[in-house]
Amino acid sequence: MITVPKLTLEDVKVLLAAAESEARAIGVDVDIAVVDDGGQLLGFYRMDKAKITGIQIAIDKAFTAAGARKATHEYAAMASPGASAFGIHVSNGGRFMIFGGGVPIFVAGQIVGGVGISSGSSEQDRAVAEAAVDALLCQLRKSVTAQPPTP
Amino acid sequence: MITVPKLTLEDVKVLLAAAESEARAIGVDVDIAVVDDGGQLLGFYRMDKAKITGIQIAIDKAFTAAGARKATHEYAAMASPGASAFGIHVSNGGRFMIFGGGVPIFVAGQIVGGVGISSGSSEQDRAVAEAAVDALLCQLRKSVTAQPPTP
Amino acid sequence: MITVPKLTLEDVKVLLAAAESEARAIGVDVDIAVVDDGGQLLGFYRMDKAKITGIQIAIDKAFTAAGARKATHEYAAMASPGASAFGIHVSNGGRFMIFGGGVPIFVAGQIVGGVGISSGSSEQDRAVAEAAVDALLCQLRKSVTAQPPTP
Amino acid sequence: MITVPKLTLEDVKVLLAAAESEARAIGVDVDIAVVDDGGQLLGFYRMDKAKITGIQIAIDKAFTAAGARKATHEYAAMASPGASAFGIHVSNGGRFMIFGGGVPIFVAGQIVGGVGISSGSSEQDRAVAEAAVDALLCQLRKSVTAQPPTP
């Protein structure tokens, strides 16, 4: 047996809030999904003008990023016609997303989940997802630092 | 054309927070889903010990409550063997939930969405869902009252 | 090879209009679906207050009635626990509906399609479906009668 | 809470009739689907020679146009191999349509639904969908104009 880090709902709230905040900052309403290391949904926000079609796409980007442990935009090249993973987008019942907006979350080198964003351009979605993960990692570092030094 | 009320993300946050708070008060971790009047996901929280199987159940209870405009516990009797709607539980791709935990949200007599809770007993799930809806309606009444009187 | 009668869009409009009219007469807004003898969708109306969950149920009741060539309410008894066809409601991907509201359409003893109604009680849905089929059959008899006698 | 416009069955009939009329004018039988702003079916006509495979395609084009708030032909370029949204066509359970024939319906700047047409060429399907939306918007303008002036 081993021990692995695991996201809590409090971590998920940090991710959702940071994603919403970044989306507002760049002026786009998005669907925001957070999943655990098994790709299972932990949290979701739909901003007021986010797309209905983006609900499943956001969830599936988070699923792909967490499950494949790779950002979805990294698959754009390798899953194109002629490339080595072409066809992977129909796997997992069509849930494997191969364009930007899904970002894995690693803590201490361990995968703990993924964030998926949809409704904006691939670049916007990716920027929002990365901002969310950055905010969580920043928060976690602060928690560690805030612990009183052992005497 | 007609005009109808619609939930915003701020309303959804009230629902999620109230559900989480009620679940803590009664000592159970739950999956919490909020959908719009068309049954499409607006918000989701998984509490730390909520069930993985409850993710889809919570979403589908919210879908059923909003889509059928009836609390899911009301279907328990009418969808039992021998009753008039027996068999409805397999409809909508098996998403039609017929036990407690899904509650529709009506504002000014109009359906605007649903809350679905899963992981506890049917009674616990229902209590949490009802507390969430009550909190939103209370909040909306305050907003109305808080408006300055017309001079 | 044989020749079979087949519904046209004009026939479908008669069915949709008659169902809508009967639903208004009995005071319930319903989802109305018409399918052909292969169970494939020919026409659909959602009345303003009809249920979202009723969309698929109406389509599936019409599918069941046309495909099994039997009204869906006739399955209530035979598909109950302990009866001979118990379990049939999960067949066809859960599309096999076993409560009232789906009615087959026979013309000259041949199946030509089905009407499926949802949102009301099983009894209301069945009454609306039967009124729609009656209206079409009445219309077809008139067309025949209206032909000038051969001299 | 916010307030939004919503299509009625009377609006849907205008869309269905206008689409059928335009399809006849250009000499093609089509499947015609209308959905609401959440992508849920509101109305459907299958013309006599329309394709069986077009039933789901028409419904899914309408779903895509309403849900993504963009005409489906606009996705042809951006979802091609090498483009930024390549792979989006498998999302939403394979319902995301990326060729012409799905058109969103905006009223007063708000999305209220979508029309989806299938069976013809992409260009024909798009022309029919656009004619349907134009007819509705024209009708709505007339309704507004027809209101008696306030004295």
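Think of it as A, B, C and D in the order they're written, each chain with its own count starting at 1.
Here is the rule we use: a contact is a pair of C-beta atoms (placed from the backbone, for glycine too) under 8 Å apart; a residue touches a chain by one contact, two chains touch by 3 or more.
Keep in mind the model is a prediction, meaning the values are calculated, not measured.
A.B. asks: Give me the chains shared as neighbours by subunit B and subunit C.
C.D. replies: Under the touch definition, subunit B and subunit C have D as mutual neighbours.
A.B. asks: Give the rotation angle, in degrees and rounded to the nearest 5, that superposes the C-alpha atoms of subunit A onto those of its identical copy subunit D.
C.D. replies: Between subunit A and subunit D, the superposition angle is 90 degrees.
A.B. asks: For subunit B and subunit D, what's the span in angstrom between their mean Cα positions?
C.D. replies: The separation of the two C-alpha centroids amounts to 30 Å.
A.B. asks: Starting from the mean Cα coordinates of subunit C and subunit D, work out the distance between those two points in Å.
C.D. replies: Using C-alpha averages as centres, the distance is 26 Å.
A.B. asks: Mark out which residues of subunit C touch at least two other chains, giving numbers and ranges.
C.D. replies: In subunit C, residues 48, 52 touch at least two other chains, as defined above.
A.B. asks: Name the graph shape formed by the protein chains and their touching pairs; answer line, ring, star, complete or other.
C.D. replies: Contact pattern: none of line, ring, star or complete.
A.B. asks: Go ahead and list every pair of chains that touch.
C.D. replies: Taking the chains two at a time, the touching pairs are A-B, A-D, B-C, B-D, C-D.
A.B. asks: How about subunit B: which of its residues touch subunit A in the complex?
C.D. replies: Residue positions touching the partner: 8-9, 12, 20, 38, 40-48, 52, 55.
A.B. asks: Along subunit D, where are the residues that touch subunit B in the complex?
C.D. replies: For subunit D paired with subunit B, touching residues are 1-8, 11, 36-40, 107, 112, 140.
A.B. asks: For the complex, give me every residue of subunit C touching subunit B.
C.D. replies: These residues of subunit C touch subunit B: 48, 51-54, 56-57, 60, 75-76, 79-81, 89-90, 93-94, 96-100, 121-123.
A.B. asks: Considering only the defined contacts, which subunit D positions touch subunit A in the complex?
C.D. replies: Checking each residue of subunit D against subunit A gives 2, 37-39, 63-64, 66-69, 81-82, 84-88, 90-94, 96.
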